[in-house]
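Each chain carries a letter (A, B and C) given by its place in the written order, and its residues are counted from 1.
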């Protein structure tokens, strides 16, 4: 357990660049922003471990809207809100409803009179989720400017069609813990690799979030996938640009083995073929349910051609010293456990199971950090005041 | 932003007449009660703007039961509860279930052991919702009298078949803000007018609430609708009686133009034909689903005969100086935006959009005011104590 | 209303034996554990009546998972969590989903990063619910031991296939109140009797909980039911063993009259035939929906042979002085009120209605007591600190 003193050494690294901003796509932010979120998250985690209250809010709502199923992100958001003193209220609209313009603007305002944060998951259709979040953000901007809202809620991207920043940031926080510092990531090789799964339509947001975010730290970022499973060109471009700027490199390959070779970190995870995702979004917008069913079959058939893309013991042996850190956003498709054939061999997953749990454990604190950074002009001052006050979170456990 | 000093001038206007009472139908209360709710709501809103904690409750539940869909009222109730320190717990019974007698009494008690407020929406069937709320209220009375409950939760009508008091009170708070005071409403003409909508079965509660509530202030209240769209006679009677007593007048007309002529305020909004609503309730109680489907067709056909009842720019020109305040409880059926033909022309709505948002923004505070007035013997003292304490709601934003 | 002084006399009876333990089956615990839970529950109830804050938690989640419908237990859990300062977050998985192994372990950890208590209802299938809870408990143990979780949430059994301990403990708290003390229960005769109901598949957990728990207090515990409605042998054994050890006796009979004769307390309540429940669980695990439908018919037919098992006025006359205390976990199947023919005659129920409401009123406090006892090394110290601090729960009502 980290001591409070160590945690507080991070305070000086906290910038104020995210104040009144929403981190919707992590590759569009700066190194300072990323470092700030991580540092705040770590300090909040340490304060929680040390049983210290971290509530700047005496009241206020945290609104969540999940347009796709979610268990772990839902609980992470609820945990983050509660940790800061906010009450969660879920907006339970029909899941796959397309809403635009007037409706979005009005609803965004109607939910926000006493709201400090809105968390949205809208990841199912390419070209939909990020646009929706931008519409909400802009409605909140004008609501606040026009005096409709007493405050401008911060918007947290709980996964869109393009990025899953709270996941990638939690992954990064885990890497920082395992490797000791962000600086220590320099020169490390991370393999973000496609892996086989018997399921359909997994968004591109996790792999895009990983290559987008990991590109800031001078790492050797390798993306591998079978033909037809490219990510979006603009994200590839951003990853390319950022790795170069940070003194690392970005490469792609169609060989899982090549990606794994001497990797320090591997992230084998399935996603849907880009072409399928593009047609799917189109069919959804046209409401063509029959064609959507057909497309699902096609997608599954395409996946089935690449069952050899599994993170096996053999593949793990290719990594640096055979001991790369295995990562996953969970739940993983574990061969013989959660499915017949999947992303990862059972013995590999079992060896890293606790690691993946700890990786996930950063998410509530990352979300809380995004809220703090977005809502407060001087987050370091807030954190400092928690420490000075040293109010006990669980009172009888003094 | 109102200063605290101005807000506190209202304290003397707060009566104690709502203590341990539920405001189920606003026309059955007194001017003093209405003024009290408004004043408390305004003070709470000002305290929120000034970042001051307004929580008399350190714990306690706020139970909500929505027997009809709701987004904005649901969030208003959640916001109000949270603002006062209560936690929301939703009672999610099957939506259109008819329950009576023993079941209502038992459930009302079972929910209330640690509950401070129950908010109910039950607006779909004429003759059902208000009766249900009365049953719940009476069950709470005996539960408290018999020592089953440590406290008697206040009941908040979040819309019944007869009235939508939290909406009408929010509308009134908006009018008070726009016109400067309740006194300034004297002599003003308000047109509550039916308007065309392509949807079916909208309750009578909003127009009834408006004519019922606006009748207290010496206004010229005009109700206009096509033949077959009358409101309930007893509500008309109450509006008649109250306008006369307050030095205003109440008239009805079957011409939208006549209603709009020289109006200071217009409230064009659709509702279902009274005859349809009466037969609908009967069919629902008999569980006659097929006949309910038929009735829907009939209702839509009846509406379609009055498409000219739209709040157009032309009609707005009839109002005082062409500048009447347009009001709506939202969401409005906006022609060419949310439907092909609807209640209001897009350019009219757009001009008043922010006004309608601000109108809606009073609802959380009105609900909170009803809770305070119902639960506390001396609400002014409570509000005063919030101000003296000046505890910051968002702590880092001092 | 109990004075604070009286309540605090209980403090010395509070043991620390439940610290970091889950009370999953009440017959497996000790008299001291049971007495501790009751005492804490009573003190919390008295503090609530006296308007005193009882929140050791400044933040933290209380996760609920209901795999069967629930209204009163859901609200009891929410009330208990709120009373202690925790926020409820519901895990809304598909209701009758069978999950095992990896999935249970992972989900249990993912929900628990900032969670202090998990409450589970899983009562529909014999051999399923208790096993599931044990899996969750063991996952939480390793998550805490492995450093994945900062704290080990306490698990509250909100009804499993074997026991309904929060109900039985609330029943016991009611008995203690009515008879004055646990000591006064010595020698009293309690009849836990099957009763007819026109519904299907009621779990065995309530009657098992009653004979399991009431066996600790030197009572004359009588279990009566028609042939085919036995409870599980291991629970009968535990009841047998515990009654003997406590100086009471345990008998079974197939005559409701015999059970009621000179009874001080009667608990007439329906449950499903053991054989049906065993086959049902098997069919469920095989996913045999058609056979499950058939089984329902069979179960209802079997019930229908025992319509005379009703708690009538006549049967009540058999009890001690005709005045036994009638108990029920609610909702009761009341003849002519909630069904045509049911568990209890309307006039009998009506006479004891308020008693059953008060009985139910202990449940939130029992759940809160289980949380306090499981989470704190010295619950008496916590309670004592609430009293010393005397912070007002509802501030304006001083």
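Everything that follows uses one rule, which is that contacts are C-beta pairs under 8 Å (C-beta built on N, C-alpha and C of every residue); 3 or more make two chains touch, one makes a residue touch a chain.
Since the structure is predicted, the reported quantities are computational estimates derived from the model, not experimental observations.
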item	value
Angle, in degrees to the nearest 5, of the Cα rotation that carries chain A onto chain B	120
Same or different residue numbers at the chain B/chain C copy interface, by half rule	different
Chain centre separation in whole Å, for chain C relative to chain B (CA means)	41
Numbers and ranges of chain A residues touching at least 2 other chains	55, 87
Chain A-facing residues of chain C, complex	55-61, 63, 87, 89, 91, 93, 101-103, 106-107, 109-111, 113-116, 143, 146-150, 375-379, 381-382, 385
Sites on chain A touched by chain C in the complex	48-49, 53-55, 71-72, 74-76, 78-79, 82-83, 85, 87-88, 330-331, 334, 337-338, 354, 357-358, 360-361, 363-364, 391-397
